[in-house]
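Several structures are given next for inspection.
Each of the two complexes below includes chain A, the first together with chain B, the second together with chain C.
Up next, the complex of A and B:
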């Protein structure tokens, strides 16, 4: 589908994204992330807790916690416009309308003293300028597209009366409400049970494909990425160590970390006696990263130079990785 | 607060004997005040209705004062005066306290917060009655002097409580979610934070209501309060002298009206606090029902 004549427009181009602790020039939590998303693309950003994937997402919305700041080399371009250094007002115009975020914890991300309908309507009124009637009609339409059987009933409910899955659907409806071009979904299914996870993610990706919305799926679960994304990026210690189309990444991981993560994904039809893969050792402290490749201390393939030199980006067709001893 | 939650609070108040009692007493006083405003009763409080110092009788239930004015009628008319002061003072100081506290808490440690904290500290540091006298002098006996002085002093407590609660709520995920969807701070404070401080606002509003009535009485007693009207404070001021000559009905009538209302309101504030506190047994039972 993606021919040379129909190159989709580049929505977001992140380059050299660095996130540092304020007042501590040494420690970086995100170290030079380069990422590109074109219209309608589904990108999975996978990694362990603390690998910097959530911070990468928050940076795109200008919502880093006050204790953190962007490093000097960081550039975030939205439709060609540089966002780093924007005023709060400009960010606010962008949030929700151009880039929406679906939050991590559905049960606490809704205001407990207001109904779902009122919260949705408020968003539609203030951000899209709809009046009360069209806001209600639009809310019902949004919820119906998320396979909610009785949207009218849901509008009058308070968040504590709802299940986690329903709350999450309401939050997805809120993210879609302003028709953003990019949705960042940060671990949206981690708080839900497995069957709900699958249906919610399916509905979300389906809706994104229907509306041509790009999706950045932040998760620690490579299985989810395989099921719903076009491309996957694997993060380790604040850096993207491998980025490739999903099929290539799963069929032929080049980075040993990616391979180790894939080996740790449980598969139903695998021999139960064979143990799941584990990765020896621990994620290093960002304040005391090892010299060279951050994964080297845990890597079976590590060479001597892995412990002294930082591997640069090797580009190969439509994929890239950072490793001196890539797997074949 | 949403109407549903409001109805729930009301339903729980009525189910408690003390809640029902205090609400009933408050409703009775409110009715008396409304009756005075509509001219059903009490409008003739200044008329010389009978002989001087008449004892209680079927015509004058609580007797008459030294001018022959009906004491009960004066006490009834004073109820309206008390509400005229307490209602605007309670509403405005709660509103100002909520807005200032919400803004200070949301931008805590910013310049706005520093300024508001400084303002609250300064206002709280001025002795209250001194402030009222100064304001009364500055405004040359303007009708709203007393209101203004009370609002200037009473909003700070509400603001401090709301500020602390806002600092807590600000860190909750749904506020992050609101910021992520691009809402401006004013929308977040008004829509997502202040409604969640309603418990504080209701209880504070009730407490300010009583405080306003009590302060009016004290100020009127001191001669810097209600003028050209009647109030319990003025009656008590008169009555304090008259007790010496054995005429105590003026004093008793005003004190009793004041006492019952203040007691009822204190009870109401107490019951409200219980009903609104999520840790209270009632609220928990209701949530699981």
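Up next, the complex of A and C:
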């Protein structure tokens, strides 16, 4: 049992994670990510499109697209067991059992020719050994906890008959049905409208906390991270540039990129007249990264040194950042 | 949910919609064989018939009536399966078909079923290992099968198995027992399999690869689905529309051109053989029966395909 005072067990330890294009030793899309997740922890992984956050998540499931491969320094340990170099069979024993993925596009992620009920029941039967009858009862219970008004009706429906939000709830139910220890939620709300976003995320985090499931929330929206996570990691150009407990990160961002991202979060209920922050310039091409800090060309604080040397990790209590000129 | 009546209504609607097709095909065949075709009266009566004899036979054949009346008569006979008599042998056409259609089915069915299944299996293997050497090997074999003419395949197999190895007969259909049947059907079946592997494997592979790259398959993998479940449930289960359509649509073609070629080549008394003979001898009743019935067969195939597609894909069941 995971008591509130006991030291939480480390589930996942990622270190030096590098993702490269196959047949191209130069270009790296993820460049040495270090990440740790303990049981029941909620970690937000934020960054712009192309920052490598989704690839980081997929690596943890051994699901990189065929054109990509892990770099030599990469290590992914699940409960102390090294996964890099595992056979497909070992990965399969992990997927949908210890780690579940909630995908980005709810409308296309379900099997179109099978009903929601059958897809849920299959997982409950094979992962949890339930019989048909109790699988149905459990499915209804799961969907009800996700605030589905009429779960019995939903079980007989096909994905094309459902809205994006309902599909996403069905997928969350499928992930929870596996009783995983870690759920990776990859941009799960970007395909939904704003009101649905908020409720779905709330329900997911609530259920994760209830069941003690760890959650890796991959998103481009730091606002979502603030609302639901314990800790946040900010990625830029395939690297984690800052990692801190959520309150610290928001109250006192050290990395200029984090500060810029925070300034770009729209706050709907106040400051309507405040101009939204934007970040000048563009994310560099991963095939032609600048020397030194990848953010330097867009950074207002950049020193001469930022353009020549790669900033190492500065550790400070329970947070870390990669910057020569951190904000106070 | 009233599924069964729904399907019945749907199929009746489909069949009704196919009526113009049946009318069109039968009209063209009527025009070509009867209206513009040779008058069989004189051929049947031999030399120097009397005017009375000609008039009497014309009336018997119904050729003294107007063209529209003759066409309607043809349609009526098709519908009631009153197909007349062969002009060459005098045998009732219905009896000829009853005798030859089972032979053709027995001859074609094993090759069709085995060829389709094997092509699907090879395509699934190639798609799973796409880009690898297994895929390239299978693709290579199917390009060869696709490029070879069916006649070349037939002659090649006859040469190898009939003449060189002497395992199977090269011609004829002397079948009363199961071993005899297997003995005679082996080489045509092989020929069908080779041809089917050629043109079906590449098509099936392309369909399966597209589905393998889909979102729902990636998601199923993320939920830990193994290769067998992934392939059967998620990939093939979602590729059934093109696979079913292509396979079923090849049935009318197979029955006509496939049996025509194979039966005339192997000297097997199937429906293809009597069609071929009827073409050569201008045997109008046989020809018109075959053409009319194949139009009906095509319409039935289309309807069955539509029905099956609705059964396997819930998205088509929406009104």
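Just so we're on the same page, the second predicted complex is superposed on the first by the 316 of 328 C-alpha atoms of A that agree within 3 Å, B and C clash if a C-alpha of one lies under 4 Å from a C-alpha of the other, contacts with A are read in each partner's own complex, and residues count from 1 in each chain.
Methods note: a contact is a pair of C-beta atoms (placed from the backbone, for glycine too) under 8 Å apart; a residue touches a chain by one contact, two chains touch by 3 or more.
Computed from a prediction, not measured in an experiment: that's the story for all the values here.
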After aligning the two structures on chain A, examine chain B and chain C and state clash or fit. clash
When the two structures are overlaid on chain A, which partner does A:67 contact: first (chain B), second (chain C), both, or neither? neither
Please work out whether A:288 is in contact with chain B alone, chain C alone, both, or neither, and reply first, second, both or neither. neither
Is A:25 touching the first partner chain B, the second partner chain C, both, or neither of them? neither
Between chain B and chain C, whom does A:149 touch in the aligned arrangement: first, second, both, or neither? neither
Out of 60-68, 240-248 or 276-284, where does chain C collide with chain B after the chain A superposition? 240-248
Set intersection of chain A contacts, chain C complex versus chain B complex: 61, 63, 92-97, 100-101, 103, 105, 108-115, 123, 127, 160, 171, 174, 178
Could you list, by residue number, the parts of chain B that touch chain A in their complex? 1-2, 5, 172-174, 176-184, 187, 191-192, 195-196, 198, 287
Residue numbers of chain A touching chain B in their complex, please. 61, 63, 92-97, 100-101, 103-105, 108-115, 122-123, 126-127, 160, 171, 174-175, 177-178
In the complex formed with chain A, which residues of chain C make contact? 131, 214-216, 218-226, 233-234, 237-238, 240, 312-315, 318
Chain C-facing residues of chain A, complex: 61, 63, 66, 92-97, 100-101, 103, 105, 108-115, 123, 127, 158, 160-161, 171, 174, 178
